[in-house]
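Across the two complexes that follow, chain A remains constant while its partner is chain B and subsequently chain C.
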Partner chain A sequence: MKLTYHWWLLAPVLIPAVGCVLLLVLDALLPRLGRSHWAIAAVLLLAGAAAAVPGVLPSADDPRDTLCLPHGGACLYSVDHVGAGLQLAALVSGAVIALLALPIRVPAERAAVQATLLLAATAGATGVVASRDLGSWLVMLELATLPAIALVALRARRAAVDGALALLTTALVSFAITAMGAALWFAATGSALLSGDAVLHAAQDPDSRRILVLAVVFILAGLGFKLSLVPFHAWTPEAFSGASVPIGGFLAVTSKIAALAALLVIFRGVTVLGTSALAAVGVLAAVSMTLGNVMALRERNALRFLAWSTVSQAGWVVLPLAAVSSRAVRSAAAYLMVYALATLVVFAVVTALAHADGRADATDLSSYGGLLRRRPLLAVTLALGLLTLMGLPPAVIGLVAKVAAIGPVAGGRMWILAVIAALNAMLGVAVYLRWLRILFGARKDPEHADALHPLHRILVIVGAAALAVTSIAPQWLLQFVGR
Partner chain B sequence: MMLGDGRFDSSTLALDFALQPSHLVVLLPAAIPVLVILLTRRSAAAFVVSATLSFLGLAAAIALLAQQARGGAVASPGTIGQLPVGPGFSIPLHLQVDRLSVLVAVAVGLVSWAVQLFTRWYLYSDPRYRQFAATVGLFTAAMQLVVLSGDLLLTLIGWELMGWCSYLLIGHESERSKARRAAYKAFLVTRIADTPLVIGLAILALGARSTDLGVVVTHWTHAAAHHHTALAAALLCLICAVAGKSAQVPFQDWLPDAMEGPTPASALIHAATMVAAGTVVLGKLVALLELSDPARLVLTIVASVSMVGAGVLAFLQHDLKRLLAWSTVSQVALMLLGLAVVTPRAGADLGIAHLLSHAMFKALLFLMMGWLSVLVAGTTVERLSGVLSKYPGCRRMVGIGLLALAGVPPFAGFVSKDLIIDQAARGGIDGDTSARIAFAALACVVLLTAAYSMRMWLILIHRTGAQRVQALEVVEDSYAVQEVGIVDMLVGLPPVDQHGRPIDGAVAQPAPIAEVEEEDDLLVHQQPGGGARFGLQLLALLSVVGGLLIFSPMLDVDWKHPNGWLIGAGLLLMGAVALLVRMMSVGTVYGDAAARVPVFVRAAASRGFDVDRIYVAVVRPVVGLAHVVTRLEGRLDAGVQRLPEASAALARRTARLHTHRPTTGLLAVSVGLVAVGLMGVILW
Partner chain C sequence: MVAALLVAPLAPIVAGLALVVGDRSARAVSRHTAYIVSLVVTVLALLACVVIAVQRPVLDRQWVPEIGMRLHLAVDGISVPLLLMTAAVGVLVVLHARHEQPEGGTPATFFGCLLLVIGGGIASFLVQDAISFFVAFEVVLVPMWVLIGRFGDRRDARERSRAANTFVLYTVLGSTLMLVGILTMTFAAGTSDFAGLAAHRLPAGQQTAVALILLIGLGIKVPMWPLHSWLPRAHTVAPTAGSMLLAAVLLKMGTYGLVRLVIAPLPDGVQRLAPYVATLAVIGIIWGGLVCLVERSLKRLVAWSSVAHMGFVLLGLMSGTAIGLQAALYANIAHGVISALLFAVVGGLKHRWGSDDLDTVRRSLRDISPRLSLALVIGFAASMGLPGLAGFWGEVLAIFGAWSPGGDRPLGWFRVLAAVASVGAVLAAAYALRVLRIVWQGRAEGGAPPAAEPETDAHGNEWLVAGALSVAAIALGVVPVVLLHTTSDAVTHLMAVTGR
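Take a look at the complex of A and B:
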């Protein structure tokens, strides 16, 4: 069998993957390099992002395929416009996480491993976007997941190991479920390709159709773990509060991008079935939003708060997918982009604060008291990020995302779901307002406070600027995921 | 200079320039509030600005009149360009300049200018003079917009703006609860009546697919045969709004209460602007009114009832300012009848002619009433009785105003009223029901007008007896005592200790004797400035000779066939009524002919026959509904209040499920898998 290759198309996946190997070799040659591995990883990831940029340009072909089977057969690697946007987001967010982690003091031998794991997981995230057959889809998905477990565990504290354990057990069970779903898919369609033709073929026969439905549902349940949808979310607070802060950001952003990308690959195949609604997705979205918001309301730990916020935002991300349409795909991706940007900014602030004031003071919500007067830059940026997650002006981009997410649901006349979403938007305001109020409240000084690390300061300023600019012109961000 | 050759045609006065006099007529008064509020801090500066701009506004109106007379006026000057609302509908937002609108614009400008001049004197010591002058300017601009509008949307904008401004003007003395109440009442009543206006204008505009006045009239003229009901409905909505703005039955009661506002505001609202706006708007659509018999009939009945009822009420008022208010209701009804009885294919000239003459003499009367009320500090019969014998200088102008109001030849009021009566008589002979009703009402109202004008005159010139002179002296004495003032006394006296002895041997200084004001000074304070007096004299002159306007080509009325018998009979009856009123007034304390009427009738009339109560009764179900809504909202509020508690409880319960062990997570995953699987299979 002979495949055709387009290296420049594969570059967003290949650069981080090859980078892993290079980094390990480099570490073997120069063991004392220490934390500069993070910088190398960031450069590699940004290079990958640069390679993904041609795909998001308006002039790009849609989709762009490679690894095609001979004789006009199916292509195993395909990047459409939304996919390119997701790849870009995953790579940029990975680079930001690497830069955030750079100033943090860790044993020198651990930095290289962590940077390698980050590269591997990001490579998995970019790969799963484009994979069009069951095999590479599963492998890429696990490549995005398993390094994350190790990243959590490598903080080497009791809490981190607990979190990693929770993540590992859930990940393994979920992998089993996903593999089962993949097997059912193969049984139903008789093909390892995730293409619409195979699905259509399978849907004609009632028996294989039933199996196909079961396959989709199993895959959804398996991915629910990675998206932290309720009830597959139990690992989220443990892992977030256990991991080091930038790794928490990785779980919240890059990992979520990979999960949604994986779901969208399956979803694209399903849209051809012509069903109008996926009740299971709607129910999962509604339950996740509600539970995430309600639990976040009583949370006192900032990292666990962000974990619950992730759970509820995951509900928002999959909400549009309840209505099966290509518009829903774009809406979900758009919401994910906005969520990723805002969450990344919030994590950048928390990381910067944890680095300057000590982790204990950055994880307790009450220690954010009077941050506006203590560290105005961090407070304003954090407020912008929280307002975006809330969906309230002046962070217009958040509002735009919420409207985009509800749009397909209202278009599909799923009024109950739309009402639940609207109620959760209100509840979400209360959730994030709790943190905002603390920022503007009574001042509480930590025991010892250092200056911000310059790199952190730059990243926070860039994040604030990105939120401000996208709030003025939301299309600059949203154009990456569709027209 | 700016206007090169070819831009100005001296024979027709046409001006080839983007900014036309018609724009200036609206924009100059509109600039008053902007400049007064932004630039001036003192009343004097505000007066200079408002007087200058309103004079320029008047000048622009006169220039427009000259243009129109010479044929050089631009018929439909644009404003801000067409609104982009798609191809199916057009909102051109242009003005419309024609004979009648130009005449009305001049009258509005003139009255507004006179009012601005007079206000400076009337509100000399008012700290909020600036705001008042600014509101008068905005109000004038709104009225000019209605007058010159060629687009239903612009009409609506001006109409609403006038409603808001009238609220501000009537409630100017907002520290008094009566003034606030009157302002609220005027606003609410006109607002409620305005609702149908929006509906009516919407029907007209949607039918014609344009808000262009000309297009609307053309469209509905052709469509009248097929869509008779829609046209009638739209016009009835319009008539309802007009009844509200012009204080016709059943909305009449706000106008007399609006007398709580300062007199210049009353003059402005009553003479040429707000109450006349209804006539102007209906006048623009008179071609449609002719096509719809039901609308004409309703208008006739409303106007007739208002006219006669207001005439009776005017005669019985104890407060002479309210007498003028009711007379306005009656006279505006007369204008509306002038529109209702027109012959097919005639314009609104009859109604507009009466609007013009009424604007002149009513502005004159109101401003004179303001002058007199300042002299005697009140507007009731007791206060005003005999005021003209004491201040004979005002006599001539009040007399002219009242003669014009009564409609005595050759005053302006006679001419315009006689034309309407002639027209109604002709229509009645031709068998038109509306015209017959109108004629009967007009016959009554001619006599009523004569009666209340005569009554007012007799009260004002009443000669006092010895008893009255004594009473006046007592009043003046008490005035003198009040002048000293307890504070002055305390300040002037030397300091004393607790026993009343002077401290430190301070020599008691005699209090400085207050200088007696010169008689001339007093006179200066007692009469308005020269400008204001000139304005009043101009209004008086126009009230006398304004009737000549009908001979000009600007008004298209049939003045060549007056009905001599009708005029003669009318004048005879008016004389008889005047004599009767004179006889009734003999022997009364204040020369008030209405004193012969039983007290309870007069008291009821002062309250406008308690129409207020009917308003309240009508409103009661609405208030009840509002209570129901409030209660429902309270329930909802309580539910929302309970929401945080409920979510906290839910959070506590779910938190208990989240043990920090991986096994619970696995259990949740398994439960989730089963649940999602079932949902997938069942609900797919």
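Take a look at the complex of A and C:
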């Protein structure tokens, strides 16, 4: 068997994957490099992002295939516009996380390992976007997950190990469930390819159709763990509050991109199964939004707050997928892009504050009191990020994301789901207003406050600028997921 | 003259953002600078709105194709009066804010938030695209939250934050429900343009469902009984300028949205729901009137009277007749002017008295401040619907429209509603006279002799604002034809479209 290769197309996956080997070699040759490994990782990830850019240009072929079987057979690697956008988002977010982690003091021998793990996980995230067969899909998905567990554990505190353990347990369970789903998929379609034709074929026979629905439900449950959809969310607060702050950001952004990308790969073909399989998505979305918001309403720890916010936002991300609509996939990706940008900005602010004031002062919500007067730059940026997550102007981009997410549901006339979404829009505002009010409220000075690290300052400014620019011209961000 | 379309909403929004952001820099913006900037910008916006009203330019561009949002700015007979009122009240609010700047934050933030609300209001009456309307609708939320939550009544911090949060949460729920309705229609019609939505007819059953969602969503904003409970709370706490904007601009967005998104594109759904909504509207009229008879807080009383007045607007909208629709649009403007006037006067009184409790024994207002008392009399006389003042025409025509409803609406039930609504008008007279007796005339009977109060009449900007609004209230009542003529073409057109 002979496959065709387009190395240039594979570059967004290959650069970080090969990069992590290079990084290990480099660490063996020059053991004293220490934290500059993070810088190298960021450069590699940005190079990967640059390689993904041609795929998102409007002029690019849609989809762009490689690793094709001979004689006009199926292609095992395929990137369409949405996929290229997700790859770009995963790589850029990985690079931002690496830069955020750069100034944080860790034992020298650990930085290389952490940077390598970050590269590996990001490679998995970009790979799962494009994989079109069950084998590489599963491997890439786990490549995106397993290094994240080690990243959480490597903070080497009791809480971090607890969080990593929670993550490990759920990762194993979810892998088992996903693998089961994959097996059922193979049984139903008789093919290891995730192509629409095979699904269409299987859906016509009632027996194999039943197995296929079961397979989709299993896969959905398995991915539910990774997306932290309720009731598969229990690991999220533990892992977020245990991990170091930038790694929490990695779990909230890059891991979510990988999980949604994996879901979209499955979902492209599944719409032929009709509403029965999609109803499950609607229920998961509604429950996740509601529970995440309700729990966040009472949370006092900033990291756990962000974890619950992730749970509810994951509900919003999968909400459009509940509708049979040609726009559903793009809407989900568009919401994910906005969520990723806003969450990354919030994590950048929390990281910068944790580095300057100490972790204890950045993780307690009440210590954000009067931040607007104490550190106006951080406070304004944080406020913009929170406004984006609630979807209120002046952060128009968040509003646009809300429109995109509700669009397919309203278009499909799923009234109940739409009304639940509206109620959750209100709850979400209540959730984020709590934090916003603290920013405006009475000033509370920490015991010792250092200046911001210049790198953190630059990243925060870039984040604020990105939110401001995309609020004026939302299409600049949304065009990455096609039109 | 297309530039005017962009200047009118963007000048206040950009200047407002600049003031709020500039306030965070090392050197705070001085009160004087903030005032001058705000005044110049609002006058500019008003001039632009006048140009728009005369020339009627159109701007139609692609904006965010991913969600089908276009930048389509234009006006017609329905939006012109609202646009002009928003811009004019904007200027007055800035003038008034110079006179009475509440504590709780810096002047630049206060003026900036006022400008953002004004700009958002202007934008929502200019856009001809349902999704952009939703965006403009949301623009005013955060600044209004700041105005209520930070610049509100200093006496009770808990009540302040509760009122601000109730306002935001209710409104977000309402606007998101509105978004659901808009997106359903957009999806079916393939366009989010108001004209396109009105031209596309959904099946009757779906029309009812969408109309229900939209009526609940917009009913929160209007507010419609029983979704009104945020309004008295927000009005009581908000600073005077904020109350004026809330009454004159924010509530009007709700009724305007009803005309554009419910009445025009969903005639069958409205037809089916009209008896229920009209009933709720009349309950609101009576409910508001009864509360006003016993309410002790003067500001809260004016807020409750708003609930009653908006009931008349809703009744007119639901009557399904051209005259009812005209009445609703008229009452809308009249309520904007009257309640802005009343809030300006009542806010001034609260500022002087230190509270707005009607049970406190005070000297009669006509002795202490003749000018304020004149404005108060004009305001409450207009509010009770005295002929020759602004309130009269809208309410009489709304009852008239409900007496002979259009379409297949149940005639008998609407006649009952019209009769009950006229009882509501009597209640309005009763509570208006109650307030005038207590405040204007002063308490004659019982209690300790009132303490001597300093001679504090309205001067300068406060007198200018109250005077201008009083003149407007009289002018609207004496020559209603001007306004009715402006809206009549658009209303006839709308009735022709929906009557199909």
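Observations on the structure shown:
We adopt the following convention: the second predicted complex is superposed on the first by the 477 of 483 C-alpha atoms of A that agree within 3 Å, B and C clash if a C-alpha of one lies under 4 Å from a C-alpha of the other, contacts with A are read in each partner's own complex, and residues count from 1 in each chain.
Keep this in mind: a contact is a pair of C-beta atoms (placed from the backbone, for glycine too) under 8 Å apart; a residue touches a chain by one contact, two chains touch by 3 or more.
Since we're looking at a predicted model, the values are computed, not measured.
Taken together through their common chain A, the two structures put chain B and chain C in a clash. Of the two partner chains placed around the shared chain by superposition, chain B is the only one that A:Ala166 touches, whereas chain C remains out of contact. Once the two complexes are laid over each other on the shared chain, residue contacts for A:Thr351 go to neither chain B nor chain C. By the touch criterion stated above, A:Ala404 is placed in contact with chain C alone, chain B being left untouched.
Of the two partner chains, both chain B and chain C are touched by A:Ala430.
In the overlay built on the shared chain, the residue A:Pro474 is in contact with chain C alone; chain B does not reach it.
Once chain A of one complex is fitted onto chain A of the other, the partner contacts of A:Ala422 are limited to chain C, with no touch recorded for chain B. Of the two partner chains placed by superposition, only chain C is touched by A:Leu387; chain B is not. Put simply, chain A uses residues 430 to touch chain B in one complex and chain C in the other.
Interface of chain A with chain B (complex): residues 162, 165-166, 169-170, 173-174, 177, 210, 213-214, 216-218, 220-221, 224-225, 230-235, 237-238, 275, 278-280, 283-284, 291, 293-295, 297-298, 427, 430. The touching residues of chain B, counted against chain A in their complex, run 644, 647-648, 650-652, 654-655, 658, 660, 662, 664-666, 668-673, 675-677, 679-681, 683-684.
Residues of chain C that touch chain A in their complex: 17, 21, 24, 63-67, 69, 120, 131, 134-135, 138-139, 141-142, 145, 149-150, 161, 165, 168-169, 172-173, 176-177, 179-184, 186-188, 206, 209, 213, 217. Per the touch definition, chain A reaches chain C in the complex via residues 330, 334, 372, 376, 380, 387, 392-394, 396, 399-400, 402-404, 406-407, 409-411, 413, 415, 418-419, 421-423, 425-426, 429-430, 433, 437, 440, 474-475, 478-479, 483.
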